[in-house]
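Shared chain: subunit A. Partners: subunit B in the first complex, subunit C in the second.
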Partner chain A sequence: MLIFAISDKGGTGRSVTSTNIVYRHALQGNDVCYLDFDFGSPTAGAIFSVGSVARGTTRKGLHDYLLGEGAPEPHRVDVWTESDREGLRTKPPGAGRLVLLPGNEGGGELPAVEEETLRRCVQLFSRLDEEFDLVMVDVSAGRSFTAEMVLQATVRLPSVPFRWLVFHRWTRQHIIAADGLVTGADGLLDAGTRFGHKRDALRDRIRFVRTAVLEPDAAELVGLRDEQRAWLFACDTELRELASRHKVGRTSMLGKIPLDPILQWREQLISDEDVLASKIANAETAAAFDDLAKKIVDDAAWEGL
Partner chain B sequence: MLVMGEVHTGLLQNSGEIPESTCRDVLQLLSGERVRVSRRPIVYAVSPDLLTGVDCRLPSASQSRIRGAGTVLSRSSITGGRVVQGSSYTRIERSGSDRRQPWSHYLARPGVVEVLGKVKSRDLADGFAEDPPADGLDLGAISARFLDVVQSSPLLDRRAPFKIARTRLRWVAEQGEPAIRFTLHSEQMRTVRLVHTGEFTPAVADLCEDLALHDWLLTALLVIIERARIGGTPGPEAAVKLAPAVDHLLHLWMPSARVDDVLSAYWESLDRRPGFTRQWQSLVDRVRDQLAVHTLAFLREKSGGGAR
Partner chain C sequence: MKLQPRQQLLEVWEAAARTSLRDGVWTWGGRDGSNSISDAEQLLCFMHPASELPGFRLDAPDETADDVLTALSRLGDSVEIPKLLLKVIGEYLRTYTGDDGRPLFSGGTYFSTADPDVKVTPEQMQLDVVDSFSMSVTLMLGTLGFLKVFRQSVRREDIRKEIRELENMSNTRLSAAMVGLLRSFTVNAFDPGSPAGRALLRTVNQTGAAERRVLDDLRRELRPVRAGLRDLTIGSGSEVDLDNENLLFECGWTWGIVKDAPDVVTPLHVGPQPKGVAADNPFLYFTVNALVGVQDLWSERTRILGLLDDDQLTLAQALQRRWDITQRYWRTIAMYGKGTWPLEDIPWKTSDEKESEYYSLGVTAMVVQSLVNNRTGDVDLGRVADVLEELAIRARIIRRAVPGDLPVLMHSPGVQVNLQGSDSLGPHMVWVVSDFAITLLKRTIWAASIAQNTRTREKLLSLADRIWRHIMQRRGTEGVGRGLWDQPANVFTDLDAHHEEPSWYFSERVVEFLVAAAQASGDSPLRSPQLVDFAYQMLSEAEHLLDQELVTRPLITGQTIQPKLRSIQAALNRARLIISSRPATANALVIDALLDLERLTTARDSASEAI
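Up next is the complex of A and B:
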């Protein structure tokens, strides 16, 4: 299955959340790979703690591969053996493969979608689908040629299942923007329909993920004054109403990731060790990633709206 | 001078095995040419040979810039309606002249790449094990495409019973005292260096395809057994994970089925050491024993439940 991760704005935590989802999915015993299609700023290497590709690869990365610059196969990084983090360097028993396909260092966004680029993209998805249970594709923020390319590629692979995750923060602007990215003019649905997807079927394959969510009853808020808490509560209620008006509400939401200080300071994978041994991460955050990693393949969570 | 080839092997992207007639349709890559099928001891269907024109750098251990021009022979095949292969090879020969000839010259010698300039056979062969440079002869890329053509056929439902990586076997054959060396590199990469007496015949390519097929079967079975985590997960769960091996792989082991008698000694030597069939047999026994143990446990549970 192909999963496309997108967000309208930058800084939503799209990359850090999608990497944590594939990491959890691998721990659950599946073979997974992560494609860094954020060609403008390929940073997935840093999140997986693979120093050699922290800002993209200097070898044949995805960008070179798609543009046909002498690479029949893009560079692959086996995270279980190449990560600099000791806790990640041994594959836990029962875990599946965890492979990163980095972008190019200094690659830049796609200038257009040429037929040859599209053909290569289809070939790549088709080959990876043969090999991996889950292929997570991190598409850059907003409307881009990259998003158009993968929309077209999935039209040409009718028997390969795919789904979209739209990441947004729990604020007024982000909710409106996330809805706009999907339903707005030239959004995912418009573009998808233009390339040959059926609008309703495509809509059913899109779900929202809320990131950095601060619940009004969260433990972090204990020190707040009553007035502050009341204000937050009112805000949250208002946002819920706004979200459901924009159809970004509960039914189309796949999951939410609580605000975790560790992710505000450093984008990284949250391992069980971070929760249980060093206790730098919250158990709720790890549980939310774990839950999402199950839900993305759970058909019940993707039934028609 | 020498022959180079690369075989890619993978699981056919279909829920079940496909019948002989579908194999024929899937492999009909070149209209007008017939797909060849043999039925015993296992159904094997192979596409007509197709040519790819190349004019590029050739491999070289000493990093010399050697240019070659000519054609590569490729084909796709399906074994047992379940395993698909893309295979390419070309004979490297010295050119009669130092000048690049028109394509008509090379097309008259299908499957031959002529080297322009000086070259040492050993240098070429040693360089071939390495990944080719961007402007180098990449038989793997050609073979992968021949595999893609089959996998993307609209006649297949793309619902394969399990996910599995393709393996690639790069081979080089030279003339001399008979010898064979099989090396496992990474999880997916293997090389074979083979020395044969007398002239090269396509039977050598058949042998390498047969080796690649069986190496893939062995690799796939090992992966399935690893995923089942025998002993680490409850018996029924392990048994469910082993089931695809029984359904789709165990009956496909037919070493040397299509290998010419003259070359069967190579298979026999590899079967002695490292011992392909020995390893396969022990894995098959392991799968069957696990299923037997699980069945016994299941029966005991049922009869125990009935007595209470």
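Up next is the complex of A and C:
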């Protein structure tokens, strides 16, 4: 299955959330791979703590492959062996493969969608889908040629199931923008329909993921004054109404990731050691990733109303 | 125990969810078995708060509150809950529709006989009953509103189809319930010299006036009611001869469809209209029951959501006229005369010479309703408050019961109402009513919500608190029915009946009460003009002192006023903003500001004391 991760704006935590989802999915025993299609800033390597590709690869990366610059296969990184983090270096028993396909260091956004590029993209997806249980594609923020390319590619791969995750933060602007990205003019639905997707069918394959959510009853808020908490609660209610108006509400949400200090300061994978041994991460955060990793392939969670 | 409607309702929901969904299967029926009323009551335990209170909505999955979801977590998440409700409402509607497409309003297991050895015949079980009409009106209006809103968040065709189907069935059932109510309305005319006439005259004549004068006066008072009744066209109760001014009469609802009631002609699809057997004279209990139920037909919610179509509106209008007339009739009787009201002469005696506190309670419903409509002063409401308190005492709700106390029987097993006319199909049936305590509480909180006078309101609220404590003690604490009602043996030591299953009959009424209480707490607080006036005076002193402070203080260039003064100013501005809606709060702000100002003055005074 192909999963496309997109967000309305930069800085939503799209990359860090989607990497954590594939990591959890691998821990659950599935072979997964992660494609860094965020060509403008290919930093997935840093999140996986693979120093050699922290800012993209210097070998033949996804750029070279798609633009046909002499690479029959893009560079692959096996996270379980190449990560610099001690905790990630050994594959836990029972876990599946965890492979990263980094972008090129110093690459740039796609200039346009050429037929040749598209053909290569289709080929790549089809190959990877056969090899892996789950292929996570990190599409850059906002409307881009990359997004158009993958929309077109999925039209040509009718037998490969795919789903979209739209990441947004829990604020007024992000809620409106997330809705705009999907339903707005030239948004995902418009563009998808233009390329031959059925609008309603495509819509059923799109779900929202809220990131950095501060719940009014969260443990972090214990230190707040009562007035601040009352205010927060009122704001949350208002946001909820707004989200529902913009069809970004609970029914179209796949999950939410609580605000976690560790993700604020350093974008990284949250391992069980971080939660249980060093206790630098919150258990709720890891649980939220775990839950999303399960729901992402659970048809019941995508059934909807 | 202070009443906290939201928390209590969530607790009830949690308990109702646990009792209804056993091992993942929806279980109908409680202590008294499953029938068209009990099942409606079970559904209303969920649907009533969901349709009346914004914080309890289940129809918009995106907006369901988190604590609501936690309480109902057994039923699923925000998407599964409305889907489950669709399923069980569908089940209810299909179960209670006959093969010929006629909605069924049978009393079923709620019917019994006075003699426990004699069984109700299957034919009798099928008889329609006013309780079911009334409950169905409420449930169907709730369902229609729920479906209307829920539809907006659904895109899947199979669910949309089910929603359309349920809407059709709900509309049919609603229309049929209205037709049923129109066919069970009755007017009973009698001679003043007959036993019924004598009983009525005795009830109204509280001052011992000459009978002839009372009779003349009563006739005059009832003239508008008589005129209204004469104009009734469709349904039962329209063929009684009221032209004879010498006759006295009473009007209201009997227990089921009146014997030989004419069919109601309507273009609506309601299936064949069944023949009735009920005696053609009003029953106080069923009259109140019908009056409360049909009110939902013209509530604000029904109008705003546009739940009725034109043909249904015609029926609703016919019912509204009966509602008005009946209300007026009973209010006239209950508050007749210049001395003691007949209502205050507890217990009320009906025209068939039955006496019970139950009847007094029924009549208070109509009196309170008329006070709501007529905005009568609090003097009248104070008298009603006394009646309610007296009833609570007599029913041993706010007084301890001694061994062998008869009023305890009113709560368990309950008061038997003879269903006259039912014997044409088998043994004589009775209807057992045991909701005295909760109905009394409902009336009390209702009266409190319209009180304008702080003392009357306080009195009613404290009475409500005491009755609520009694009700809470009667809540089940173990077994499948824990968290629901009713276990009277918890309070009345005389009783040893312990029930495993909950009574949806009682629980639904508790939910109704909690919803009413939650609605009442949403109103703005009671304010007296004196308090507002006082707050204004305080505010003006504070503002004056602040101005003085600003004038005497030397101004240094580049510096605005001190933070302290700014915060005082902000507090006073806020106070002025809320002074008419919350005078006491404004006053508290002003007092705080005054104290701050006073500290500044004191400090200055002590500085000038230096020699």
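As a convention for this text, the second predicted complex is superposed on the first by the 303 of 305 C-alpha atoms of A that agree within 3 Å, B and C clash if a C-alpha of one lies under 4 Å from a C-alpha of the other, contacts with A are read in each partner's own complex, and residues count from 1 in each chain.
Simple rule for what comes next: a contact is a pair of C-beta atoms (placed from the backbone, for glycine too) under 8 Å apart; a residue touches a chain by one contact, two chains touch by 3 or more.
What you see is a predicted model, and the numbers here were worked out from it, not measured in a lab.
Enquirer: Look at A:E238 in the shared chain and tell me whether it touches subunit B only, subunit C only, both, or neither; answer first, second, both or neither.
Expert: neither
Enquirer: Regarding the shared-chain residue A:R127, is it in contact with subunit B (first), subunit C (second), both, or neither?
Expert: After superposing on A, A:R127 lies in contact with subunit B but is clear of subunit C.
Enquirer: Looking at A:E109, would you say it contacts subunit B, subunit C, both, or neither? Reply first, second, both or neither.
Expert: The answer is neither, since A:E109 touches no partner chain.
Enquirer: Return first, second, both or neither, reflecting whether A:D84 touches subunit B, subunit C, both chains, or no partner chain.
Expert: A:D84: touches no partner chain.
Enquirer: Does the superposition put A:G94 against subunit B (first), subunit C (second), both, or neither?
Expert: The first partner, subunit B, only.
Enquirer: Could you say whether A:G29 touches subunit B, subunit C, both of them, or neither, answering first, second, both or neither?
Expert: Only subunit B is touched by A:G29; subunit C is not.
Enquirer: For A:E220, select first, second, both or neither according to whether it touches subunit B, subunit C, the two together, or no partner.
Expert: Neither partner.
Enquirer: Have a look and say if subunit B or subunit C is in touch with more residues of subunit A.
Expert: Counted on subunit A, the partner with more touching residues turns out to be B.
Enquirer: After the superposition on A, what does A:V160 contact: first (subunit B), second (subunit C), both or neither?
Expert: Only subunit B; A:V160 stays clear of subunit C.
Enquirer: For subunit C, which residues count as touching subunit A in their complex?
Expert: It comes out as residues 60-64, 78-79, 83, 153-156, 159.
Enquirer: Would you tell me which residues of subunit B are touching subunit A in their complex?
Expert: Residue list for subunit B touching subunit A: 10-11, 13, 134-135, 138, 140-141, 144, 148, 151-152, 157-160, 163-166, 227, 229, 232-233.
Enquirer: Once bound in the complex, which stretches of subunit A touch subunit C?
Expert: 200, 203, 240-241, 243-244, 249-251, 304-305
Enquirer: Under the stated contact criterion, what part of subunit A meets subunit B in this complex?
Expert: Those residues of subunit A that touch subunit B are 29, 31, 60, 69-73, 93-94, 96, 123, 126-127, 129-133, 159-160.
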